[in-house]
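Following this line, the structures themselves.
Both complexes below contain chain A, partnered by chain B and then by chain C.
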Partner chain A sequence: MQVTVKLFASFRTGRFETARIDYPDGTTVADVADRLKLPHAELGIMMVNNRHVKLEHVLAEGDSLALFPLLGGG
Partner chain B sequence: MDKIARIDMGAAGGPKVTVGDLGVYAGLGGRAMTSLVVAAEVHPLAHPLGAENKLVISPGMLSGTTGSMTGRLSVGCKSPLTGTIKESNAGGQAAQVLARLGYAAVILEGKPEGDDLYKIVINKDGIHVTVDNSLKLMDNYPLIEKLRKEYGDKVAYMSIGSAGERKLLAASIACTDPELRPTRHCGRGGVGAVMGAKRVKAIIIDDAGCKMRPPKDPDAYRDANRKFVEGLRKHPVTGEGLPAYGTNVLTNVLNEAGGYPSYNFKGGQFAGSNNLSGETQAALEIERGGTATHGCHRGCVIQCSGVYNDKDGHYLTKQPEYETVWSHGGHCGIDDLDTVAHLDFLDDNIGVDTIEMGVTIGVAMDAGIIEFGDKAGAIRLVEEVQKGTPLGRVLGSGAAITGKVFGVERVPVVKDQALPAYDPRAVQGIGVTYATTTQGADHTAGYAIATNILKVGGDVDPLKTEGQIELSRNLQIATAAIDSTGMCLFIAFAIMDQPETFQALLDMLGSFHGITMTGDDVVALGKKVLSAERDFNTRAGFTKHHDRLPRFFYNEPIAPHNQTFMMKDEELDEVFNW
Partner chain C sequence: MDTLPIFVRDRAEAQMLPWQRQVEAAGRFGVTMAQVEEVALERGILPARYQRNRKAMTVSDQLTLFRSSVAVIGCGGLGGYIVEELARLGVGRIVVVDPDVFEEHNLNRQLFSSPANLGHAKVEAALKRVTMVNPAVTLVPIRTAFSLENGSDLLAGCSIAVDALDSIQVRLELAEVCTALGIPLVHGAIAGWFGHVTTQFPGDDALQTIYRSWKSGKGVEETLGNPSFTPAVIASLEVAEVCKLLLHQGTNLRGRQLIIDLLSMDVNIIDIRDANR
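And then the complex of A and B:
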């Protein structure tokens, strides 16, 4: 299945901003993070199709996954 | 900080300075000082621009010490924008310098006859108020350049630009940063108009010959400060994210979450967001020889600011904050950082709140005065404010006034103060804060974004109503306390997640004052401040019916979540029922 993966802030360093990637069915957010060598402890905000999800969330065809480190501002 | 100065600008024969002891205000600083003074001493029905209003300037409880992050300055009054009590705080150098001179508060009272313009010099020898009509209608950057020739670089300046002199309701009070740039503003609520009404153009604060404020227990204070700094450096938000990207790192976050209001709150996302993002901005700043990491006052270890240069590598403005990039950017359908930076410079120079000004331009776009996305038009409208034309005076008086003048229904304000950069339909928690805070719509008053969106300090679903009332209540209490300490609010990211860093803050407060400080004491302080503010607002005529969002947030769902603001009125009425 095809998933659009979007990376932000320091996660982009040495990786990419946006990519469409083919994953096997049943792939979770944690699996994507592992493949991208993103330590789980550094994951701050995870969203699929504009909604917050947890690491164990199972992705579906056409999903848009956004991964951010812990961030703040305001 | 053992004295309070009162300057009666309307005294017979010219301004009169009286310095007295702290009295009932002993131990207070920052927002606690400004709000308790205003609540006790300003008639709630006073005209905000009249002699009965007071402008209270107060460093935080720990300002002027060796403690890190203690450089916030509070300014309070009855707001000409909202009609409520107002506390607006800023970084820059002023708080540290004023605190070392020993002033827990400087209170501008009364109002002079005539149109003479005054400057106030505060140094170790006392307070001197003099007429200087050569400063009339100068904007902040040239004003500070002129004052530096007279008073030098080892002082802090507070000033108003032309907007403050014209008493525009979006007018701010500028504080200079370590490089003497007038970039840190007490922005919200028209505090600059109150200073302008009192005919005070600039306050020059010189702490030559003064020492750091000594803690009661110096060893314990040093130890607590060390642990506090360690905690800030260790936390990913205060130690990595904010220094590298600044507050504008939120553009992509809020856009992804569908909570980034675009085109005057008609959409929850903006197609041009990546062009405006903190990642893009930081790279551009570094590429042009500026910096993406800069502290707004000495002693800051978070360093969330930066320097934004123009295409030729010349200084244009400080790093525009997320709210500024949003208000002048996506809110107006503009996706160009150079335009936003130009507008940020204009706002700082004229002396207007960047949130109020940007939101107002978006409302003016909705009225058809210019088209959404019109970059040159947006700059032209802010230049109207600078010129003081009739149109400029309307725009410089904020979104509510502009909406009324031009017949716009979709006006994003609460208590006539413009909403910041988070849509309450996609982030229900921040809507609770917007609606109920004593200040008019204000994200910092109870930053529910942290737990709703950023997942710092807890996890509350932004699209649901559950837990939002309690969250906003607790945040508003904690914020009122932090705003009183002189600490930058961004320490909250670390102290919410790390108990040992919160303990270090308590130990700093305790060891400085020679007392034991507990979490309960912080809560009690926050409640005391909020209660005084609520009481003032009640006496000024505000009721629970003012603690609501504009109706369009209840009636118009917004993409991508296609939700409205769902908090019930009865729930909102429970926020201050503690």
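And then the complex of A and C:
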């Protein structure tokens, strides 16, 4: 299945801004993060088709996944 | 007999009170700059230092700001700029809370830090700065760490809290205390070239939503650092939110998170309502 992955802020460094990627059925948000070598501890907001999701959310054909890093500085 | 109100009225020029006259009034009547400012604003006279505020806000708005009390939690990268901008805007009382002293690695971005005050309390530097920049503002320096235990006392009398913390854990505690006290919280956070801002009203779960994946420790600022310009940008957006909330103007970021990427010059606003539904 094809999923559009959008990365934000520091996640773009050395990766991409937007990409359409082919994943096997049953792929979760956590699987995508792992394949992109995004540490789970750095994950902030995660959205699929503009709805907030969690790591275990299972993706579907045509989904658009947005991943934002966790920012905590002041 | 000359009274302070008459003195102020007679010395006003084009409905504005020049700074020198404000100083004279304070000396002559043995009152503070703040008291002179209030007497002037109550009579529709604008202290001239605020004349460039005037197109954006009325004299009555300026009086509202003068009578407002805002808490800034954290006096580092974000907090320094926030305190400076609130003081120049004319917010009458600013409570600033931070336990730390300045260290050398603060010098690249923290507005009140300088080689001369390394090792000195950040909140004391804030007091010195605000006393110099706008003596009509009352700055209350509190050198302590915000927590669930002391939070209600620290925010007592403040109508808004501003998040300038560097800890996600403490931010979540601040959000909880603000909801308990029924006051809005303007949130900002930064890391590297990136930052975000939102405004949480009592009962909203904005911070819980933004940090719902967080388990412990720091965010990506641990590896990305904090250059000089990111705190200035995010702090300014936070102050704009505070100003609108105090004056009941414009549209704030309630239910929305503004995410800024200064490396790509990319701005996103995402909906953060109902994330947990």
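Keep in mind that, in the parts below, the second predicted complex is superposed on the first by the 70 of 74 C-alpha atoms of A that agree within 3 Å, B and C clash if a C-alpha of one lies under 4 Å from a C-alpha of the other, contacts with A are read in each partner's own complex, and residues count from 1 in each chain.
Following the convention adopted for this analysis, contacts are C-beta pairs under 8 Å (C-beta built on N, C-alpha and C of every residue); 3 or more make two chains touch, one makes a residue touch a chain.
All values reported here derive from a predicted model rather than from experimental measurement.
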After the superposition on A, what does A:L55 contact: first (chain B), second (chain C), both or neither? second
Figure out whether A:V5 sits in contact with chain B (first) or chain C (second), or with both, or with neither. neither
Look at A:G73 in the shared chain and tell me whether it touches chain B only, chain C only, both, or neither; answer first, second, both or neither. both
So in the superposed three-chain picture, is A:G44 touching just chain B, just chain C, both, or none of them (first/second/both/neither)? both
Counting only touches as set out at the top, which of chain B and chain C does A:A33 meet: first, second, both, neither? neither
Common interface residues of chain A - those touching chain B in one complex and chain C in the other: 8-10, 12, 17, 42, 44-45, 47, 50, 52, 66, 68-74
For the chain B and chain A complex, residues of the former touching the latter: 235-238, 240-242, 244-250, 252-253, 256-258, 269, 274, 278-279, 304, 322-323, 443-444, 447, 449-450, 453-456, 461-463, 489-490, 493, 560-561
Hey, which residues of chain A end up touching chain B in the complex? 6, 8-10, 12, 17, 42, 44-45, 47, 49-52, 66, 68-74
Of chain A, residues touching chain C in the complex: 8-10, 12, 17, 40-47, 50, 52, 54-55, 66, 68-74
In their shared complex, chain A is touched by residues of chain C numbered 74, 76-79, 163-168, 171, 188-196, 209-215, 217-221, 223-224, 226, 231, 257, 259, 261, 263-264, 266, 268, 270-272, 275-276
